[in-house]
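In what comes next, chain A is part of two complexes: it sits with chain B in the first one and with chain C in the second one.
== the complex of A and B ==
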């Protein structure tokens, strides 16, 4: 890692697909290298558009974006893109190979890696995402969740410094979602990645360092995930719903039963039983 | 019965070396006007099951009966046009279903295709869009310039515009924001309660559908391993989680923990935070006494 210590610096970024529909207006923010930021907000608030601007897939109408110290311009975009990996909502849009193995190898071939390293990386990341047994399969034979795991493996195999997840877990089943979340946690823990995840998932937001709330193309709040879930009004305005445990503790409180926050799983039943037997 | 499966099997590439089985002798019955949900881990055959409901996939073994239509393995299939009007399918990814250059054209395509007049089709389009919570300002817009969540809502509206008797949706809530998810579940429930539609949802987010669904089906490895009421699902969630890879939501595990602690196993489960908090409050009002068997609120 080099440069300013900032992965992204955005100054008054605006964007519209057409003159009558502005999508983002006046977005100014910094993202620290090595941090994990959640972009949250209602459907249509501009989250995915912002992700595409960060990844250099769209160009700003006005304002500026600096990536790891280099301004993101038409002349520099080819040099910046290899540092950024993007995993999208719909894995069908990013499947290139005729088999899972080819698909993971495709990006590596583009980087002209030695064959031995390609083989090693394909295997390592396939194992990590638990798709080792699918390597010979055609994408059409995979379920939605399996395809998404392939897409994540293909991006991670290129070992980018910045990874943008655009609702990457939204099509996965709960189990696979939990596994992906663990992979994100490991990535964060390794300190090698700056991560930006666009998500509605409460657990994923909680696991990140910082939540940036977008509403109508503007930054409505920029705060710690814990504070976001403590602010019912803000949650409501960005159409989020707190995790079940948080809601239960809140409802119990309305019924006059006070439990300290942060209980999970069996602890809730245990704590209530204690209250019951001590009365 | 709206839908009856008799030992239905389905294999992709049935006659080739690469034959691979996706459904194995599935038998099930769903009555007219039910709200059913299909759960199960990735690759368990949920989507394959759904695609049999309007003849997109035909069984390679057994018999499927949907409304008055019968699809039987090895037999010539009846004309499917009317079946496809009466059974609306919403696929896993909305952009696969959208193709016109305005939302209005997309929504009118189905009704026009099935012989409706232009004026009526437009009316239907506007109504269907309102049902999913989008106003008429979306009609002239290009569907491919919408956000992922908005595209999904339009795709669902395009199926509602045909006014089908059976609505089958494959993971309809993925990519929607949490409140839109709750609203969609509520909308589907309203269509079922007020208009008598039969609704079948494939979902891996069980919590949001739990308050509305009356029949749960759990799939594993292409076979049906469970069909029953929400209360039965809650009681059997332990082995479904352990042996079938079912991701049981926090509201069920929390209830089961509390039910086990307080001896409430025979009660109707309280699966929302409001109901559970209310039930717990009633319990704590009478500490030390035998536990009353009162309703869940």
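== the complex of A and C ==
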């Protein structure tokens, strides 16, 4: 699906909560359909605001946003919203139903789907996210990771083409974070979704196709995740820490052991094995 | 803490009572409430108790759960009992303490009043034990539909209620967290005199309220992004269908009211 069209076209988008509080200024960017984009930057740089603008939850002050060819305006927002799903940070505050089943069904009811289709979708997406056994549970009986899975299932059940993750993993423990990352990877692999994730998690950024760095409401850089992690100064200005393997390669380099640049994950391990056996 | 919150938790045993239409259950509960209000003598209480017990057993939920549901209100029951004992001066005098005397009439009506209360609370638990919150909401929306005449949307009302119920445990949890945080900073509620406790509770109210508003804001965003529009048409996930069983269920309650009434009048 990648390359078939543009999911988002932003032209000189600006936004402010008040005259003294400019949040975003002059943001221009395109996002390809089927791509996975990470939005990164220090706290307060306008990432979440940008996500809300993209999702049609806030309206731009100036500039324009075009979603899959349709301009995002007050008149079209209800028509565009079904194409965009959003997963937020706090798993508790996006759990609307009194049980998992009802929470997944909430968005479907709003679509006026017939009951048979709702039941089928609830089951299909619950199974997909491995929460099928939790359908009758109350949110107070679930862990943070489970609740976040429910949130993802509820969004995917509405079958949007675009999914925005607004720091969806930041309140989860390491294990749940890893599981969520796997879900994102699977979504990318399925080719059905354009994904935008706001995150501070190095692994998550590394897994995406493209990183857009925001600073003080402007785009500071737009590059491949590998290049982002190669640029120490940029990383520092975003208050990010590179993934372990990147730091390892860098430290080895300092110690005089040179590995070809731009390696990640398994490749680093392979290169290390080779170094060891060449000794 | 969470486990103590029996209110609003359904317990699925798959009994026939679970399958009764929630609208029938709600109607039944209202009739039961009427019957309990009318009960004024031992025979009537006996009928109501037998009726309640029969229903409780047929839900196949252990009776101890019903007892648990009534437990938090024991202070109120003792109070009602005491008031009756202190004020009713009918029947024979049992014993005297200074200027006050306990009469058989007082004792008997005190016991009846307290049992009525216990029956009411434990029995209405049937409603929440056997109905999932979603179904209960839909039932409530059904029962409240006539309110449309005066311009109130039953769907909006029930959505509001279900969200409020859904957030009770979350906000309680948060309150406990704040209490602990305050205790960690040396303000331990348990060790304070009553007056200080009162002040402390005010300082607890502020953060809890602020956070509830923040939660509400985020919830609105989440609802909006899932396509919720106030007043827009929605389809219903739970389908309700009224069957003969539901009619019979309501009829049994009408019969209870009639039985209790006839005892009162005869």
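General observations
Please note the rule applied: the second predicted complex is superposed on the first by the 254 of 279 C-alpha atoms of A that agree within 3 Å, B and C clash if a C-alpha of one lies under 4 Å from a C-alpha of the other, contacts with A are read in each partner's own complex, and residues count from 1 in each chain.
Following the convention adopted for this analysis, a contact is a pair of C-beta atoms (placed from the backbone, for glycine too) under 8 Å apart; a residue touches a chain by one contact, two chains touch by 3 or more.
Bear in mind the structure is a predicted one, so any value in this text is a computation, not a measurement.
Upon superposition of the two complexes on chain A, a steric clash is found between chain B and chain C.
After overlaying the two complexes on the shared chain, residue contacts for A:239 are found with chain B alone; chain C is out of touch. Once the two complexes are laid over each other on the shared chain, residue contacts for A:272 go to chain B alone; chain C is not touched. Once the two complexes are overlaid on the shared chain, A:92 sits against chain B and chain C alike. Of the two partner chains placed by superposition, only chain B is touched by A:172; chain C is not. By the document's definition of touching, of the two partners only chain C reaches A:115; chain B does not. Of the two partner chains, chain B is the only one touched by A:200; chain C is not. After superposition on the shared chain, chain A has more residues touched by B, the comparison being chain B against chain C.
Of the two partner chains placed around the shared chain by superposition, chain B is the only one that A:42 touches, whereas chain C remains out of contact.
The superposed model puts chain C in the path of chain B at one of 27-35, 63-71, 81-89 or 279-287, which is 81-89.
When the two complexes are laid over each other on chain A, chain A has residues 90, 92, 141 in contact with both chain B and chain C. Those residues of chain C whose C-beta lies close enough to touch chain A in the complex are 2, 5, 8-9, 12, 132-134, 137, 162-163, 165-166, 169-170, 173, 215, 218-219, 221-229, 232-237, 239.
Those residues of chain A whose C-beta lies close enough to touch chain C in the complex are 52, 55, 57, 78, 81-82, 84-86, 88, 90, 92-99, 101-102, 105-115, 118-119, 136, 138-141, 154-155, 158.
Those residues of chain A that touch chain B in the complex are listed here as 17-18, 21, 41-45, 47-48, 89-90, 92, 141-146, 167, 170-176, 178, 200, 202, 236, 238-241, 243-245, 247-248, 250-252, 254-257, 265-266, 268-270, 272-273, 275-277, 279. By the touch criterion given at the top, residues 12, 20, 41-43, 47, 92-93, 95-96, 145-150, 153, 171, 174-180, 182, 204-205, 207, 245, 247, 249-251, 253-254, 257-258, 260-262, 273-274, 276-278, 280-281, 283-284, 287-288 of chain B touch chain A in their complex.
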